[in-house]
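These are the structures, in structure tokens.
What follows is chain A paired twice: with chain B in the first complex and chain C in the second.
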Partner chain A sequence: MSRRWLLFVLVGVGFIASIIVSRLGLIDQYVELVAMYVGINIILALSLNLVNGYMGEFSVGHAGFMAVGAYGASILSVRVFPAWAGVWIFPLAIIAGGVMAGAAAVVVAIPSFRTRGDYLAIVTLSFNMIVKSALENIDAVGGPRGFLGMERLTTLPWTFMWTVVSVWAIRNFVYSNIGRGVLSIREDETAGAAMGVDTRKVKLHAFVVSSFFAGVAGGLYAHLLQFISPRTFDIIKSTEILIMVYLGGVGSIAGSIAGAVIYTVLIEALRVLGQWRMVIMPLMLVLLMIYRPKGIFGFTEFRWFKPIASKKKDVAVTAAELINMTPRTAADGGQLLVIDGLTHYFGGLCALSDFNLRLDAGQIIGIIGPNGSGKTTLFNLISGYYRPTRGSIKLNGTEITRMPPNEINSLGIARTFQNIRLFNNLTVEDNVKVGMFNSVKYSAVAAMLRTRSFNQCEGKEVSDCTRMLLELFALEKYAYEPAKGLPYGLKRRLEIVRALATRPQLLLLDEPAAGMNPSETGALMELVHRIRDEFKLTVMVIEHHMSFIMGLCEEIHVLDFGVTIAGGTPDEIKSDKKVIEAYLGSSGVSRALKDT
Partner chain B sequence: MAYISQQLLNMLQLGSIYAVIALGYTMVYGVLSLINFAHGDLFMIGAFLCFIATAKLHLPFVVVIVVAAIGTAAIGVAVERLAYRPLRDAPKVSAIITALGVGVFIENFTLALSPYPRHVPSVLPNVCWNFNGLTVSSIQAVIVVLSVLLMAALDFIVRKTRFGTAMRALEWDMKTLPLMGVPVNTIIALTFAIGAGFGGAAGTMYAMSFPVIDPYMGIMIGWKAFIAAVVGGIGNIRGAMLGGYILGAVETVAAVALPSTYRDVIAFTLLLILLIFRPNGILGVPKTLKV
Partner chain C sequence: MVRFYAAAFVLLLLIAGCSNGKDDSLHIGVIAELTGDIPAVGASCKNAAEMAVKTVNDTGGIDIGGKKYILKLQVEDSAGRAEQAASAAQKLVTRDKVIAIIGPNASSGAIPASEIAETAKVPMISPWSTNPKTTLDPRTGKQKTYVFRACYMDSFQGRVLAAFAMGELKAKKAAVLYDVASEVLKGQAEVFKKTFEEKGGTITGFETYTTGNKDFTVQMTKIKNGSPELIFLPTYYSDVPLQVQQARRFGITEPILGSDAWGSHDLLDLCGKDCDGSFFSSHFSANSTSPRVKKFVDDYKALYGSIPDDVAALTYDSLGLLFEAMKRAGTPTPEAIKNAVQKITGFQGVTGTITFHEGSGDPDKSVVILQIKDGEFKWFTDVKP
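And then the complex of A and B:
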């Protein structure tokens, strides 16, 4: 409480001070100019950090969006808006410039659905070049000669206000449901999709928000310089913004602010060096990457920018309430999952052949088979990572065969991964919260403006449910630790909890007992039974531990080279000749099986 | 008819230069999975070395192109040693940003030394041959023939020699290769040397065709050559050659049909469209998702 008020007071004092200082001319004009550059650069660095730092994508053409905003806002204020309205209509021009830049971002977001990393770098850079080239060819906005006629509407108080608003809005975006989606893409896009994160929607939102603020910065910049030309927004400008982001630190608001301040002031201070200062700038970037690749604040945050942790002790939600929050369609004739003739080829290799399954709600079934027999392929087909060559998968009578992973998850199938795929740099709590991506109903704008719907939803549905889940599985003590620091067994458990947070009906566990000792395996068996009862789940397990699978499952299916060779109760499987021959091979191993 | 064959010749000339530069991008990408953003600037260094060798030292043509190629190769190897090698195990993004930084560094460093555009004197006697109305200049002939020879040599090296085999193996697994006794650092350095050397040769050829050079010339040409590499499928040697000639053709047609200022927009639009419909390029192979 007190911290929040202090922040309000500080911002208010800063705003009033900026008005007084600029009205009375208390500081040197040059210092004032540099201060405004700092503000604009903070907005630029922060908006790029959203895509490059928080989302982990690699956008290198940020100046292109800045150009769209700058030209958009300038054309409006010079050609469209009446001159007498200047100062009053200025915010509208800036916002309009931001909206135009946001619209342009769609062009970049769409290729980002299919490519990442290097290729996205190429797309964004091409975008930057196309914008510059296009502006040079449009004579109506001055072509290569540039565009002028703007009044100097960007003042110190305006810059201050826009900077504060941008920092606030982007910070709110990051600490919201969609912000967690953004982080999950950086950490592990595949796992994010399995937790129901609509990666396309999230990427689109992040690119649009990022570009909106780049456009805002462009509009402010244009009304400060009173002259813009296509060359103002070339690749050198984009590189400058990159340096600020990586100097300050990726994935950190404090970092972007620090990076913008340090870089802007340093470049001004080095003016005496003339052309050589532009040699030092890239050299700084290279040295930074070699010696401190995370930047000054990389992945850490100043306390004041983090949300205040809830102090509430009592948790008002129970497991039963959690599952009731999302009403599920009743099972069709009691059968939850129906798989018919499921077949999958990798090139010429048949990984799964004509697999059939009838799964009743509440069952626990096991899938066993030697390595390479198609078990994980089956899970990948059910959860939507592969599209089968033939066959159909129905959940509660709904055909889910060709749906993307996030949609399948939102219909009620959650999974864990053979090699644990947690969001390593996120806290345990945030890992679970990502699982709630689809149960959150507020919009991105509501999150940025922190409306009532945001506060209610984050409070009850997200925070309370997360706390309940963590307490139920004895993970609450690690809630604020990064997931990568957990011991192995707890990582496995957290992955299950994260899957439960998506409120599934069917849980797919891919080798949950891998690397566990007998006592840990026993505890896991109890855990699976418990969650089946408490969360009214149906469970499918892949495992190699025979004692685990025989003790846990009511029904077992055996795969060998993609073909189902047996199916039945554990006792039937144990005595099945085909299984013993094909899967267990020697008589020695079959003796071991009888002991269990 | 003569007009069309004249334009075809222009396509070949431009395409050859793009193809030779594109090879440098694709080779480095092949071994390190790194987009060497500084490669366009190495090409620029090649052009400046050509300028020094002709205007200041008055060397003959054959020596000029060898000096430019070797000089650029040396700088390419130095860049790898000083900037990229320390980052080989770092996140990929760090390496890409470093490459971007190295590029801007080379540009601005050259600019600080030589602030004005330079004019490269001609090194070849400018002879024109006439075949049935088709005019072929000595410069065009040398560029096309030399490029084809360079590419044929590279294709041979990559496919038939021990070095080429090691280079292709490196693409698959950098961690296992040293266990097979292959000196990975040497292979990477050689790859950079060849890639940058090709860039230097291309810089010379470019300076012969378009004699006004400046420190920022490498940005646009480099990017376009890079587009050529991506169009062909990055990491694929023959793809880069194909992409170079495709880009040369597209640009020549665009220059005939539209005002010259639209040339760049067309090249980049081509890239964006291609990436949407064929994200791995013409000869590239898609990577499969591991779950």
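And then the complex of A and C:
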């Protein structure tokens, strides 16, 4: 029994109460002012949490975006809009301020695509300082003396409404396709790109949405205090927002709300302590970081903010339908993958030399060779992580040699990793859903507004397909568990399922049987056969288990020091003198071959 | 869930804990920058306010319309932040029911606080806010009716300083270095430049920096190249020592003129001998020979063990103005007090003689010029407008 409707009642009652209370003066104006600060700070904390908590980046200059929104909205309402229209046009001024902050975010995001962590922190810090210095030097907006003349248009009902809208929109953004892309960047950017997540697009979207709401908060702030100056939006303001986010908990909407409420109310309530007040706050944060490093609600969410789990039992999608949802170009003359003269150097070291391959659709081939022979390098070249020194790779006749990983994935190549790279803190279900990044057609705005196109696509193409995949591979009972809690064998299986969710034509398996016992290996062999048939796949496998490779593959290529020393059917490889000498050593290979 | 309820409960307790009981005394609110980037200003403001109120209460309270009232002081911290200054003002007005507010000192806090005081119709006197926008209503272009200040404004100060530089110091060429991030200092620099040039002087360099900069090599090189006869340094006391020391290192030996932002005794400790001979304008001189100032300085020293700076003196005068108005008001209501402040003429304060004109919150008063000599601030002259 879901009591979700209570949430809507609460919001409605809250909104009406906020109107009544402020009209009739039922609460004193001090409480009202602090309540409005709380609302504005909730919006700020949420907006920063999107970048720092959900995306796992570290932005420290959020006050810069707030400043853009504050000045943008204020200039519009003081200079552009007629005075009599003030109250009616106020939402427009706030939205315009948000849009301006969003535009500023584009300017910051594009040059910082390649930066992460510390570097992004420096970029955002600089942005904050640039905005402040720029405003100090623009006399038209008052320079260092600040800008004023705004009416006090920010009221309790408006603040309440904007806070609810922000919580709703950011929550919708997080629980959508692009939101899963954001989470995949935090969990493992490399794996995300391998699953087709366009990390640039996702980062840009997250930055713009985050800054939009920071701008909205700025607009509300400006129309509450009726005075803004560049000093207001200094690094201390950014730090305040950071404190609220980390106090409440990263990656949690409930956390941002809690952080903003606690910080804002305590700052006022502790006034009795005099100047010790400003010591208590940082001290609390230090203690919190020691005893609860993820903040109060870190990575956990209040039940009501999560989307309702689908109760549907019957799944209307089959594997065949899943493949048909993404029509792929027919193979060129039956050959799916054509590799010619592929060569890769790491500095002076030749990791792969003149590799050639003709792969027919539906084949299962194996790549073997001693450690360091260039097998994983080959996979990294095919899936776009390395750019080859020479040579070409064609998929269905399309040159994919220098494409980024996510584009290669969207054309039909999926992979797993030698050392499992799941999105550990995401649920099993969400891991699979990230794989569907490119099959989702709705926009980020549609997701935030929860339009019909969102509901249809999320319902059928995402949820049903995910459920089907999980049931097919007996993972459905773990659907809502975090991936990190799965046993080893299931992690390997989930990684394959996640790859299948991207609807590939070619699946690259990098040592899928590593660490498995003989019975698990046997089950895996069956699984690979099954998915080849059901999902009409072509499979390339790297493996050291000779029995696995010999039993599974129709064709085997042997690499040694980057050079292809043999290629052919398992029987041909078994009897190849070069393989025996170079790869296994004569005694080793005879023992290995006896086992099969 | 338990966590959630526990947090909600604690918050409720805290909110409930801050409501105030009522009594017959009159409450006066002070908003000071006790924490943040100018804590010295906040501390002086708080000390002087407490001393002024104590002086009145020791005589049995203030006499309004034949009745004696004991005064209670409620000091709030603004942390130097605009939003905290506003919430402090709102708290004083709605929770503590203060009859008047003294402060905030920094204009960035005084402006939002003044909006709240004006709306709530509670008189506010800022001791130290020199930004013209503090007393001005931006929407009507008129003066706010409930907002006053005890200091003169930067435009006024810039004008007087330029006149002093050309007159007493006989400078024809001057260079300026100022903090572009400060609302106050930029205004002083600009008015100084304008007045100096109008009177036939030349500005050889007009250099800027922003709060937090510690290296002024580039600016000093440019200033030196212009070979001015005087350097005007409208910068905060915390920046002055570095600037003066770097200027001296560059061989700039010309006299240095500062503004009221120099007025803290920390400057003497930090700058040492390098600042000797420099002039700056002040709201107040602690070594004035006036008996009123002497008594104030002695009392302050006895209580706090330090010489009062100009924020302390201005706060003391702000309260003096308020007490004067309360006595004249007849009834202890904010409106009567406001009306009485507007009619004050020739109030003898420790920072000079203060007169208000109907319809303006900005006072008419004289500027004190001080010189740093032997590690002390020495009274040099008074410049009347």
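What we mean here is this: the second predicted complex is superposed on the first by the 577 of 596 C-alpha atoms of A that agree within 3 Å, B and C clash if a C-alpha of one lies under 4 Å from a C-alpha of the other, contacts with A are read in each partner's own complex, and residues count from 1 in each chain.
Note that a contact is a pair of C-beta atoms (placed from the backbone, for glycine too) under 8 Å apart; a residue touches a chain by one contact, two chains touch by 3 or more.
This one's a predicted model, so the numbers in the text were calculated from it and none came from an experiment.
Because the two structures share chain A, they can be overlaid on it, and in that overlay chain B clashes with chain C.
In the superposed pair of complexes, A:R271 makes contact with chain C only, with no contact to chain B. Judged by the touch definition given at the top, the superposed model places A:A121 against chain B, while chain C stays out of reach. Of the two partner chains placed by superposition, chain B and chain C are both touched by A:I236. When the two complexes are overlaid on their common chain A, residue A:S133 makes contact with chain B and with chain C alike.
With both structures placed on the common chain, the touch criterion links A:V31 to chain C but leaves chain B unconnected.
Of the two partner chains, chain B is the only one that A:L283 touches; chain C does not reach it.
Contacts of A:N380 after superposition on the shared chain: chain B is touched, whereas chain C is not. One listed stretch of chain C collides with chain B once both complexes sit on chain A; from 93-101, 183-191, 237-245 or 345-353, that stretch is 237-245. Overlaid on A, the two complexes show chain B and chain C touching the same residues of chain A, namely 133, 136-137, 236, 275, 278. Those residues of chain A that touch chain C in the complex are listed here as 28-31, 33-34, 37, 132-133, 136-137, 143-146, 148-149, 151-152, 221, 225-232, 236, 258, 261-262, 265-272, 274-275, 277-278, 296, 302.
On chain A, the positions that touch chain B within their shared complex are 52, 56, 58, 60, 107, 110-111, 114-115, 117-119, 121-123, 125-127, 129-130, 133-134, 136-137, 190, 235-236, 239, 242-243, 246, 275-276, 278-279, 281-283, 285-286, 289-290, 293, 376, 380, 385, 417. Residues 33, 35, 83, 86-87, 90-98, 100-105, 108-109, 111-112, 115, 219, 223, 226-227, 230, 234, 259, 261-262, 264-265, 268-269, 271-272, 275-276, 279, 289, 291 of chain B are the ones that touch chain A when the two sit in their complex. Interface of chain C with chain A (complex): residues 3-4, 7, 11, 14-15, 17-18, 34-36, 39, 42, 75-77, 79, 81-84, 86-88, 90-91, 93-95, 107-108, 111-112, 115, 119-120, 131, 133, 138-139, 180-183, 186-187, 210.
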